[in-house]
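I am attaching a structure below and will ask some questions about it afterwards.
Letters A, B, C and D mark the chains in the order given here, with residues in each chain numbered from 1 onward.
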Amino acid sequence: MGNKQPNKSNIKIAYIGGGSRGWAWALMKDLALAKNIFGQVALYDIDYEAAQHNEIIGNRIPEDHPQASLWEYKAEPTIEKALDGADFVVISILPGTFKEMESDVHAPEKYGIYQSVGDTTGPGGVIRALRTIPMFETIGKAIRDVCPNAWVINYTNPMTVCVRTLYRVFPGIKAFGCCHEVFSTQKLLCQVLEKIEGIQGLDRHDIETNVFGVNHFTWIDRATYGKKDILPLYREYIRRVRSGELEAHKDLGAQDLVFESNELVKMDLFMRTGVIAAAGDRHLAEFVPLNWYMKDPEQVASWGYGLTPVSWRWQNLQERMERSKRLLERQEAFDLTPSGEDGVEQIRAIMGIGDMISNVNLPNMGQIPNLPLGAVVETNALFTHDTVRPVMAGALPDSVYSLVAPVVAEQEMIVEAALSRDLELAFEAFMRDSHMPLAVKDARCLFNTMIENTKAYLPGYKL
Amino acid sequence: MGNKQPNKSNIKIAYIGGGSRGWAWALMKDLALAKNIFGQVALYDIDYEAAQHNEIIGNRIPEDHPQASLWEYKAEPTIEKALDGADFVVISILPGTFKEMESDVHAPEKYGIYQSVGDTTGPGGVIRALRTIPMFETIGKAIRDVCPNAWVINYTNPMTVCVRTLYRVFPGIKAFGCCHEVFSTQKLLCQVLEKIEGIQGLDRHDIETNVFGVNHFTWIDRATYGKKDILPLYREYIRRVRSGELEAHKDLGAQDLVFESNELVKMDLFMRTGVIAAAGDRHLAEFVPLNWYMKDPEQVASWGYGLTPVSWRWQNLQERMERSKRLLERQEAFDLTPSGEDGVEQIRAIMGIGDMISNVNLPNMGQIPNLPLGAVVETNALFTHDTVRPVMAGALPDSVYSLVAPVVAEQEMIVEAALSRDLELAFEAFMRDSHMPLAVKDARCLFNTMIENTKAYLPGYKL
Amino acid sequence: MGNKQPNKSNIKIAYIGGGSRGWAWALMKDLALAKNIFGQVALYDIDYEAAQHNEIIGNRIPEDHPQASLWEYKAEPTIEKALDGADFVVISILPGTFKEMESDVHAPEKYGIYQSVGDTTGPGGVIRALRTIPMFETIGKAIRDVCPNAWVINYTNPMTVCVRTLYRVFPGIKAFGCCHEVFSTQKLLCQVLEKIEGIQGLDRHDIETNVFGVNHFTWIDRATYGKKDILPLYREYIRRVRSGELEAHKDLGAQDLVFESNELVKMDLFMRTGVIAAAGDRHLAEFVPLNWYMKDPEQVASWGYGLTPVSWRWQNLQERMERSKRLLERQEAFDLTPSGEDGVEQIRAIMGIGDMISNVNLPNMGQIPNLPLGAVVETNALFTHDTVRPVMAGALPDSVYSLVAPVVAEQEMIVEAALSRDLELAFEAFMRDSHMPLAVKDARCLFNTMIENTKAYLPGYKL
Amino acid sequence: MGNKQPNKSNIKIAYIGGGSRGWAWALMKDLALAKNIFGQVALYDIDYEAAQHNEIIGNRIPEDHPQASLWEYKAEPTIEKALDGADFVVISILPGTFKEMESDVHAPEKYGIYQSVGDTTGPGGVIRALRTIPMFETIGKAIRDVCPNAWVINYTNPMTVCVRTLYRVFPGIKAFGCCHEVFSTQKLLCQVLEKIEGIQGLDRHDIETNVFGVNHFTWIDRATYGKKDILPLYREYIRRVRSGELEAHKDLGAQDLVFESNELVKMDLFMRTGVIAAAGDRHLAEFVPLNWYMKDPEQVASWGYGLTPVSWRWQNLQERMERSKRLLERQEAFDLTPSGEDGVEQIRAIMGIGDMISNVNLPNMGQIPNLPLGAVVETNALFTHDTVRPVMAGALPDSVYSLVAPVVAEQEMIVEAALSRDLELAFEAFMRDSHMPLAVKDARCLFNTMIENTKAYLPGYKL
């Protein structure tokens, strides 16, 4: 907040999953647009060729955008080379392929269990966690050995177990998890201010919110714009939407519903708890009891959101690969529009260039006093030089604690199960999921099938 | 533990629910058998005549048992008179009648929800709590005003919310809740020692156990007999029962199953968590996810326990009323066999006559570090003069915490809902119950019906 | 941090101690300079005439400064009138007169106990607390009854016990304590950056610091300017000062030493604990063991700071009264230079106009995990609309905890003693002070004398 | 508490310091008198010959006492041999010789600092800790490597830092510290009951007490005999002693005062805090501010206790060595009178033979909620098979917390200093001691001298 700006900083970022055709490009743009920082980005990916393509794409940015911050991209064949000398490590990987995700999301459907995302919680989230944790075990150990002082930013899902694994493997790590899920709720609140109070042109940064919970299952108990308390306005907004006075429903086609929603789940949870549920409906509905919003596809439809099939992801990947090709072959320009993510701003704050408050995933040191210490939780934190310090968020109210506490326990069980290669413990986590309505016998069959489908990514188990 | 015994103590006990035809007699017996204490017992009951009958029965004991400790029984017409000058208050009431309990237990069956007990948790437990809490609000305030220094022992279910209400209403109260549910598991462990190790004649007091959890959903993570660790023996016992080597199954007729069980749920939970579930199967199965053991009557039967119909309670009451008549008319003698409860021993310890360790329900001051402070939990405690002090029980392991934490939250919500007469909050607690598989709309219908059926006991609500 | 600014806000501030000839003028200036807020300031003072003078001075500001924010000042004869409708309450009073302070500071000298300030800790701080707490008891109750939703900012010393008393009397109060003591250390760190790194023109807002401790005994374990870690630079600075390479010593005359210091105590404490002591040397030396820096005037002189005699305060008051007269009679213009305090910025943030991070005194809810919950501690907090939320500061290191924990206990004892009018307990707090080297008998004589000297301000005691 | 007794147990005890001519004999007696346990005792001592002497003395017991429990004693030349296969490890060593203790206790006298014991706190306690901790580092590592499942009972002073070091070195250790200091206060309370209430023949086990604090600085906030609250009786007792009605003063000669006292310090602390100080006056006076009871020998004398000179210890050692000779040469019989220690009873309880409640030193897991977690504290604990579980003791009241919290911090600093061989940190602990009235320069001289005097026992330092 002072008036002096420190000098420009030359930094090295190691990007694990650097062959990505999505997040990597978003980061490239934000880095190019960032003031006062420049340097190198080492791209590491198990698909080395993909990383090489991004090296080419990244290194061409200055040609098209000569005034952008200067970053040199380099694909590296090993994680150790990528990490060597890194100031920051960004982790954004796909754990396994969409083939495994196909099983995660759709195998349970044979037992009548539908999933809207299937990457964080639910049967799919559990299995995905099991294959992700060993990867983060490897990454965490490499960071410990190669660049223990680097700051580590994770974008991979399931977020909580990824960050928790890093801290389990290397307790001294300086890692946090970063997710844009809360942002869309903040945008909804801007819309509320517009629709109810006629205040236009607001940006989510204009809104102050107190965030608490776990990733993708976050809550807001205070939200203000200036001296306006947004909670009663939100209540009025919901009343009008429900009464038909307001056409809040987006005109969503079937395709849109794959990712979008009418926010009906979110609004219902607010009316029932008094606290703003602050994630997408597709995520929220997966955490609360199955029967509330996801009993069957009809109930899902009646709540105005959709189930994202993995077929959509295959198709989307196809499009991104084609785009990668076009970018490589210079058939498409690489435009510099901000991604809307906070990551690069956080990097700048950690470099000492302006402080910021943003919601992140960190081990609980008391910022949410009624959740277990050490578990990874999401709250606001103050970012400043070489420090990310949680803001006291306060205790979850009982109506939310009752939903979040078992999620925390399930996640702790999964991490322990995966680190100790204990499939029985993993199964117990699976059985405790709020979206597991099966008797033990059937659940066991489903679990075995799903494990079988992902076994290529389960090193060290006796299967 | 010293060698000197303090003098005899003359005490006054106020018995709220003193017309009872069961617990009251048990207390009378234990008091008559207790050494070093004697005094008065004031019997208060909304059924004054029933209290008068117990006055007569109680005052006759010395005639038949001249060597028993001397207690004078007196029915009192008001709670204030009963409490006046009391050193101890015992609360054992039936909140409402079996007519309301009929609704608690059986109304949900129309929606396919079966309940084995229906007095602690599940839809029935929630509704029962709503009508019990206002009664405990009244009792707690009366204690605060009339005998604030008395020790208060509650036996009424739902235990946790009763004790919690007393502390909410009068934070300075010296109250605890007492339940024999853990004892039967301790007896099972004696049987394990007999069957596996050939050690015969053991009594539950010979076993040391570390108890933690909430009432009727308690757990034991250490159990020893002398230097023997019972957990591996229990594991072996279960192996043999499951393999048929041991005929552990009791020969239970349909009638027996109303209260008895084959302990299969208990054993399964141990195998799945590594911690001994320490309550009756009928209680345990009500707390864990519905689909584990209570999806439908067939699943219940396959797990070797029964659902207790309220018709059985009506019939049992009939028998107890007849017995009351026989006792009154001296057609039956009042025999002095110990009840097996710890209550009178606890009274003696609080009077300074010998200290003891026993499991009780008390506000959490850190004895279970990962449950919310202030919530009522069950652990061992040291009883000594004018003091009941929890023993550090330790944190619940994640596999148990995941099941217990939401129960604690649900109970906190019910107490808050009942004290603030907030039916919406009560409904949210109802929706969070692990045995509520309905979508909101159906759940609302069921809730409304059940509330309607118990409304005579819901003072102060806008219904 | 958003780009939209909310509208201007019309607020009412009640100023308790509004006749002050110092703090009141500072607030007037900052309010006049503040953007986006305007309104009324009610001035309440036991010296009603002084409040009336400030009313006149304040209301003349717009004449001289037509572009300043518009505030209407009004002296009120009762505290209730002043508080009526207040959005903010500012408390800045002198508890008693300099006559009592004369005793606080100088009476102990007869026993060889010297005090540099005598208003926060030490024998003088204890006695001053005893007469201040009843005043805050009255103020807290008035706020509870008249304007329970107002935000309360305290500037009065002893800060900690004042804020603690407000929360003891009215637990729902929204109060915090505000002190500029840390700022001078932040300025020293700017000087370090200039002297060691050649970075010029820095302002304390350019520095990031993590503050923890209790008021006037605060510590900083992290301090950064951009990506520079200031701690090693401070160590180097101290080395050069000590070796004579740097002329850090100010050229302080005897008069200057009344308030200024050469920072030698501060530097020594840093070298000995590894944590930056962040208050003026005169305060720091009063909290640590007597023999470290304040055994006698010679030791004080050798550490380059001074003892502030109350005679200086009398003289200074005289000057301020003369200035008041000149201002009233328009012989002197009221210039609008910012005071350097954070108070008005905090008011703006609480009104929703820009958020800020600043160090304040608040009850501990876990922001310093190894100090008692509920005790008032000083850490950074996030100020945003209607919210002041502590930033997790972390546990004090043992070398600092050993010094701060007994101070917290002493302050808790004083508040309890004063609220319960228990002079024996107050004496025990007095005996526990680190600057009480007397045996009990002598200490008792001194205590009695000091109590006698302040008894006009000890209502409700049996003296 | 049950009626069945488990079988006899054959156990191996490793005694570190097994050449002792005091504690070793006490243990031998108690073992010989213990029912249901028998086995081997390995004696390890750096003075191997002394251990061999005790081997001989111990193995002769059955000859004189054929009905005693049978124990085979064996001197072992290495700690590893002694620990091999041990079920229990008893540690009772003299860290260094009386030559070093001479310096600990008497070197500070040149600076006017007197010490009554000098082995726990004060300048002497700090230096003794510095040479003890490396020994416990060695012992803890040997236990970790050789017998990690053994239970470890420490009797060595300074108790707290010894136990803390064991847990720092081997966090999985099952260790506790055992001290009889509280017993004498319990005996005093028996005397109170006799003198005030005329109750004769009581034993300390007849009294119930809630103990909390740190070793040698323990407190009792509740004490009862049966239903009698002893605190008001103690207050009356003190009144009578002070008024001369009661001749509580023992007739102590100069020699007696070396160890005995008139309990005046203890009584004064009770009157001033409302909590019973539960250690000997010589220990209590060393922990509280210097000026309270130990300013100079005159003040010590006026409080009716004595300073124990090391010359007395030399003389006493001489006597014990002579007694050892007599025992060896069969000039004196080894009589079996119980030592009054709890150690063997605790061993039996841990073997599963009867449970017990006793005060011990254990890491804080919340039993004293306002002291730091992990620090070693003394409270009651429940001993049962393979388990020592603290009883919740509650938070220290502020008047005691203010005295105990800095002691905990000082002890934590010493352990850290010794483990990291950091003399500067050790000096800071030294400076924070309540019995360090010197300015830094003088304190440094004293510290250097004392370190020099003990340097033979400071391995790994750069001196």
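We take it that a contact is a pair of C-beta atoms (placed from the backbone, for glycine too) under 8 Å apart; a residue touches a chain by one contact, two chains touch by 3 or more.
Computed from a prediction, not measured in an experiment: that's the story for all the values here.
Student: Any chains in contact with both chain B and chain D?
Tutor: none
Student: Can you work out the whole-Å distance between the CA centroids of chain C and chain D?
Tutor: The separation of the two C-alpha centroids amounts to 45 Å.
Student: Can you compute the centre-to-centre distance for chain A and chain D, using the mean CA position of each chain? Integer Å is fine.
Tutor: Between these chains, centre-to-centre, one finds 55 Å.
Student: Of all residues in chain B, which are in touch with two or more distinct other chains?
Tutor: Counting only residues that touch two or more other chains, chain B contributes none.
Student: What pairs of chains are touching here?
Tutor: The complete list of chain pairs in contact reads A-B, A-C, B-D, C-D.
Student: Within the complex, which stretch of chain D touches chain C?
Tutor: Against chain C, chain D makes touches at 272-273, 289, 291-292, 295, 299, 370, 372, 395, 398-399, 401-403, 405-406, 409-410, 412-413, 416, 425, 428, 431-432, 436-440.
Student: What does chain C use to touch chain A in their complex?
Tutor: Residue positions touching the partner: 1-7, 9, 199, 201-208, 210, 222, 224-229, 351-353, 355-357, 365-367, 369, 380, 382, 384-387, 389-394.
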